[in-house]
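A single structure is presented below for examination.
All chains are identified by letter, namely A, B, C and D, in their written order; residue positions are counted from 1 within each chain.
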Amino acid sequence: MVHSGRHFLQIPGPTNVPERVLRAMSRPVIDHRGPEFAQLTTEILRALGPIFQTTGPVVVFPSSGTGGCEAALVNTLSPGDRLLVMETGWFSHIAWRHVAERLSLSVDYLAGSWRRGASASALEARLDADREHALKAVVVVHNETSTGATSRIASLRRVMNELRHPALLIVDTVSSLASIDYRHDEWEVDVTVTGSQKGLMLPPGLSLHAVSAKALAASKSSKFPKSYWDWQAMQKSNQSGFFPYTPATNLLYGLREAIDMLNEEGLANVFRRHARHAAATRAACRAWGLEVLCEEPEEHSNTLTAVVMPDGHSADRFRAVVLEQLDMSLGTGLGKLADQVFRIGHLGSFNDLMLAGTLSGVEMGLRMAGVPHRSGGVTAALEILAKGRSGGDA
Amino acid sequence: MVHSGRHFLQIPGPTNVPERVLRAMSRPVIDHRGPEFAQLTTEILRALGPIFQTTGPVVVFPSSGTGGCEAALVNTLSPGDRLLVMETGWFSHIAWRHVAERLSLSVDYLAGSWRRGASASALEARLDADREHALKAVVVVHNETSTGATSRIASLRRVMNELRHPALLIVDTVSSLASIDYRHDEWEVDVTVTGSQKGLMLPPGLSLHAVSAKALAASKSSKFPKSYWDWQAMQKSNQSGFFPYTPATNLLYGLREAIDMLNEEGLANVFRRHARHAAATRAACRAWGLEVLCEEPEEHSNTLTAVVMPDGHSADRFRAVVLEQLDMSLGTGLGKLADQVFRIGHLGSFNDLMLAGTLSGVEMGLRMAGVPHRSGGVTAALEILAKGRSGGDA
Amino acid sequence: MVHSGRHFLQIPGPTNVPERVLRAMSRPVIDHRGPEFAQLTTEILRALGPIFQTTGPVVVFPSSGTGGCEAALVNTLSPGDRLLVMETGWFSHIAWRHVAERLSLSVDYLAGSWRRGASASALEARLDADREHALKAVVVVHNETSTGATSRIASLRRVMNELRHPALLIVDTVSSLASIDYRHDEWEVDVTVTGSQKGLMLPPGLSLHAVSAKALAASKSSKFPKSYWDWQAMQKSNQSGFFPYTPATNLLYGLREAIDMLNEEGLANVFRRHARHAAATRAACRAWGLEVLCEEPEEHSNTLTAVVMPDGHSADRFRAVVLEQLDMSLGTGLGKLADQVFRIGHLGSFNDLMLAGTLSGVEMGLRMAGVPHRSGGVTAALEILAKGRSGGDA
Amino acid sequence: MVHSGRHFLQIPGPTNVPERVLRAMSRPVIDHRGPEFAQLTTEILRALGPIFQTTGPVVVFPSSGTGGCEAALVNTLSPGDRLLVMETGWFSHIAWRHVAERLSLSVDYLAGSWRRGASASALEARLDADREHALKAVVVVHNETSTGATSRIASLRRVMNELRHPALLIVDTVSSLASIDYRHDEWEVDVTVTGSQKGLMLPPGLSLHAVSAKALAASKSSKFPKSYWDWQAMQKSNQSGFFPYTPATNLLYGLREAIDMLNEEGLANVFRRHARHAAATRAACRAWGLEVLCEEPEEHSNTLTAVVMPDGHSADRFRAVVLEQLDMSLGTGLGKLADQVFRIGHLGSFNDLMLAGTLSGVEMGLRMAGVPHRSGGVTAALEILAKGRSGGDA
């Protein structure tokens, strides 16, 4: 079936890249050792601090987000080191536990629910038992892209501080940075990892770190053999505006443009926008009579919503109908959620009417796929969206 | 207010230009007298025939659609000639009556309702009275962009044939070609005029004619002084693949791409898509309790819907709220409809979810602007859209 | 033959559109009746004044440059009016004499050489004979694109002033504006006509006028039937930031960007750049032993050079070799110069190395096509280009 | 100084990205787990084989070329393994010896000249001495980007075969693949490494491997901790058309387009074009009286030429003059060649006239920077370029 109009890319990332960013990326490549490049690097690295809410250094790798996870581990730890990965869903498993194990690290995988964020009390119990401080790092996914549950990093940090546990705190913000309020410095995070293709509104191809002084210090004694991911070489080059190897120039063009766009809207407005859209999406689910996977209201993700399929119905068949008939991509269920949930991405370059179109696609898809539901989800969402807006100042 | 995501350009043209067409248009300019250009011209002129449903010649001008109206008149008529313009709304007035009068033609403006298409019986009466065949041309707007009413060209042609009236039939399809079924040859139209920025999915900047043998013959005795619009020079140049003056190369690149897209979808599918979207839009209006301007069901436009504002409410204030708060452009009321109607464009590169987003914007805007209405318009539209679609073949 | 790398479009227009302008043009279309559009129009019209060196109004049509010629005539004259067109080459004939005659104007075609600019003394003789001021307008091509000769407008104006002849002075700057110093106000020109596709670095599709108060006054008594080209309607709409019909939005985006680029470089620098490139091109011709068509040193065009082919050699065969083998488009000989000259465009978005590539293509093409010449043209050009440049400030 | 026209990016990579590739890359991102993506992956992986001249598997990483070097090592070797890196210049040092050492491999760095390719006899001596086969791999840079010397891989392979040495042969083709004839299968290379930003005409951001069956077997016993670079996971995902992590979608769009362009031109023609341009560049150097760094005629690189600066003159000052005055980027001298050579890139999307412009820039720059030389380099190059071309078939 040939489709007309725009595809709705409503997976929870990669997100819809704004035309403005695509245009910025279509500039000709420049000499990565020349003066114009040095200026580009310097501008970007300076502008990234406020996005992570840090005054410390930021590092940019030409790699996918998963590369950034690996890079965080090999810079701060040594082979055989023990670390705690808090289970939150598929990405705590695949991007952290699995990667750490492949790197011959010793992983304590702290069991957690896939229907909520990481548990501060579970962390407390585990760290309290670690009197000899065998755990060198704690890894948490801020926003579990597979479940739509957000972990409360500040509470986890508080637990670590109260127990005076010296482990590094490594946080995965791949699907939250620049969409959900996140405070690298205030929350004393040691390494924040993200990717280019979600809140930063770029195509995939860059991973980024914000790094604390403690993490930098740890990197000096790290014994992992590494070259590509090495912070030291990167920072040394960055100081003069360059990279230790050829950087992904055109994605950097796009990054500069995307940061400009975030600043024009204002980060606080960006966060509010995502919160409104998430609330409207959940209202739609309630109206349809479909269950939202995340069961803790305080931990609902603002960037995506995982929706539980009624028993006996295939989420993937539903998604296939929506893709084929309505030209919208929804996120699949991952790991043990396969075929049981579908995920609606509502992040990045997005607005009320794109969300309304998205939810309309879900409502039509449910009907077309014969999934039991009540209609009216879109109407419920529109009520949320219109609330608090008025025409008075137009 | 800084907006995120995509603007919804839902005026009844210019329409949303597909990224694919924008990309085609960003190719470097080529020599307009070279062999590659000759091939481009030949391909386009050949491909345009089926779009107009004609086997006769098609002419492309670098001008806006209004230029195409002027060009139709100066090629076929002579100063002082009398012609009949059938009133259907603002565009029958401004693009035809007004232009014809500026050109010193003598215009009979046949009164008609702004709530329906041109009347065959009124035409019959008028032509029947013109025994001496003073009228050299009859001008009809196929789809009145100001009202959302479509005229039945076949019936009008039948009247002319039955009366054996020799006037030329000139039809304006600016907002219908490539969106609503239109048959230049079958309906024996003499000049069909259109523009690039609606169903052809391009930015504005081209006007196009399909021309009958009778019109071509008439052009040979036309006494209008003209150069830029002259069919003879154009056709002579076109035969070798060129233009008598520098053509708008990049719009021609886009035109080739747009025709490819129409053919990939299939013109019959394109027409059906527009019909579905128009039906869904009217269903939304009914649910909201708002009146559709066009009052004849057989003549509802498939490309736009003009909606009557409840008494005492300003359509333009409503539109301003929607633009400022929801980043959607709706069409304004034109001429005597100013501030009394708003127009929803649902044509060109468009799909179900874009329509759902559009109608959601109208529903939210009505609420935000305090316009009395019932909610549920979007839900009603989704029912229409989902009907006849199933997940069975996904 | 499949070519690699960039095509060299070295016809004297359309010129190489800068990537930056192509990117600006690929923005989505906006509502041509909305507030963002009004701002675009206002910015552009304000910025165009300095480009024409005028403080008076500027008008922009969605048409090719030839449309702008027609528009200049129908706005200022009336059918049957007599005007003087000064012969300078193919474009004085085809774009002015021919168009004027098609428009039923009475044309005095003042014979002139195709190897130099318009003659002030010939003008003086002709105007002096016109005691009763039958001539309503004098038309001159500032830079004859077919010959590479520039006319000295200030001298022509002086003649008119000295004779107190009231004819309007209409000047065609299609291939000179924004490339060669041109002063609408200082030279008391009444209508300056140009197009988008040369010095303005856009694709074709816009024509532009700068208009004197005297021309505006003349337009009020013009009796030409007109609508599309009508200044009055245009100016009235422009005042509120709009156009009387749908404008060519994406070309206007590009125009704004192109003007920014001209201003960043500085118009005086732009003029100097074109002068250097023209001088270097002529030096190459001298070194090759080929004759430059323009025989008056004071009137050499800065935007193109027409080169005379040695007897017995076909310019068009040479051009075909260059196109096929070297992927460069050169300008053809027009009118009576057909097959006898080729034209090198060196205008618009251009620099020393692009010119060096261009001249290298000519030198290689001469060799490959067996055209008698001496080698060393490129070397001679490089000497001119390097002169006056030094590495001292690098 | 504000520049007009196109920048000449004549470093030996990144190369000038063709507009066609930039346009392909500006397509919207799609779901990396959907059916359209699977087709993209499959097409690309199939099309890459002929580019490497292999029927074996090809692997694509979202990383810079240096990442691909690291990836080749960690997939085939184990910590502490010994390997032989043949010195050819800066990149044999920085991208291989240095990286290998960072990865805790034991590197034998076989001394070699920076003025020629790797020596088969030196390799023979070294391998012959390695009777116990302590060396697990031999690493050679096919085309040393820092020197412009090409190594003869077939001869090196022959040495290994004659000695029946079982070491893997790893070849770096970052600046040669798709520009210089290179035969992964015929030369029995085990891992061929390349990047996207040179002969493949893309921006940087992808590294690629062709992998022999022997290398794949070796990877099964490799003990390097790894995740991101792991071939096994990559190949498993690739089989169904996907990637183990989010791939760099837009670069893959560009890659598909670039491969199409290479195939349209024909790889054999691409190789011939690069050879012609290299020969012309060396002819220019000879005419200028400047020394080409590579001293072995059989080993001159076809993709870049490193030129030795006359004693007492700074190559970097010369490059700065060329950048500032002529808007051309030339390659800097690297490592011990710093400030002593400059490098001219003549690879990728390139043609005769772009080369002529490039060499003209060098000739003008030499003059402007006061570097002693004879003029006439460009003329000498044009002679080479024109030779063997004729206008006969135009």
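Basically, a contact is a pair of C-beta atoms (placed from the backbone, for glycine too) under 8 Å apart; a residue touches a chain by one contact, two chains touch by 3 or more.
These figures come from a predicted structure and were not determined experimentally.
For chain D, the chain whose average C-alpha position is most distant is B.
For chain pairs B-D and A-B, the one joined by more C-beta pairs in contact is A-B.
Per-chain CA centroids place chain B at a distance of 35 Å from chain C.
Computed from the mean C-alpha positions, the centre of chain A lies at a distance of 45 Å from the centre of chain B. Chain B and chain D have centres, each the mean of its CA atoms, that are 54 Å apart. The set of chain B residues touching two or more other chains comprises 6, 16, 19, 23, 26, 28, 323. By the touch criterion stated above, chain A contacts chain D in their complex at residues 6-7, 9, 11, 13-17, 22-23, 25-26, 28-35, 62-67, 70, 79, 95, 98-99, 102-104, 195, 197, 203-205, 224-228, 230, 244-251, 323, 329, 332.
In the complex of the two chains, the chain D residues touching chain B come out as 19, 23, 26-28.
Those residues of chain B whose C-beta lies close enough to touch chain A in the complex are 2-6, 8, 16, 18-19, 261, 264-266, 269-270, 273, 317-318, 320-321, 323-328, 349-354, 356-358, 360-361, 363-365, 367-370, 375-376, 378-379, 382-383, 385-386, 389-391, 393-394.
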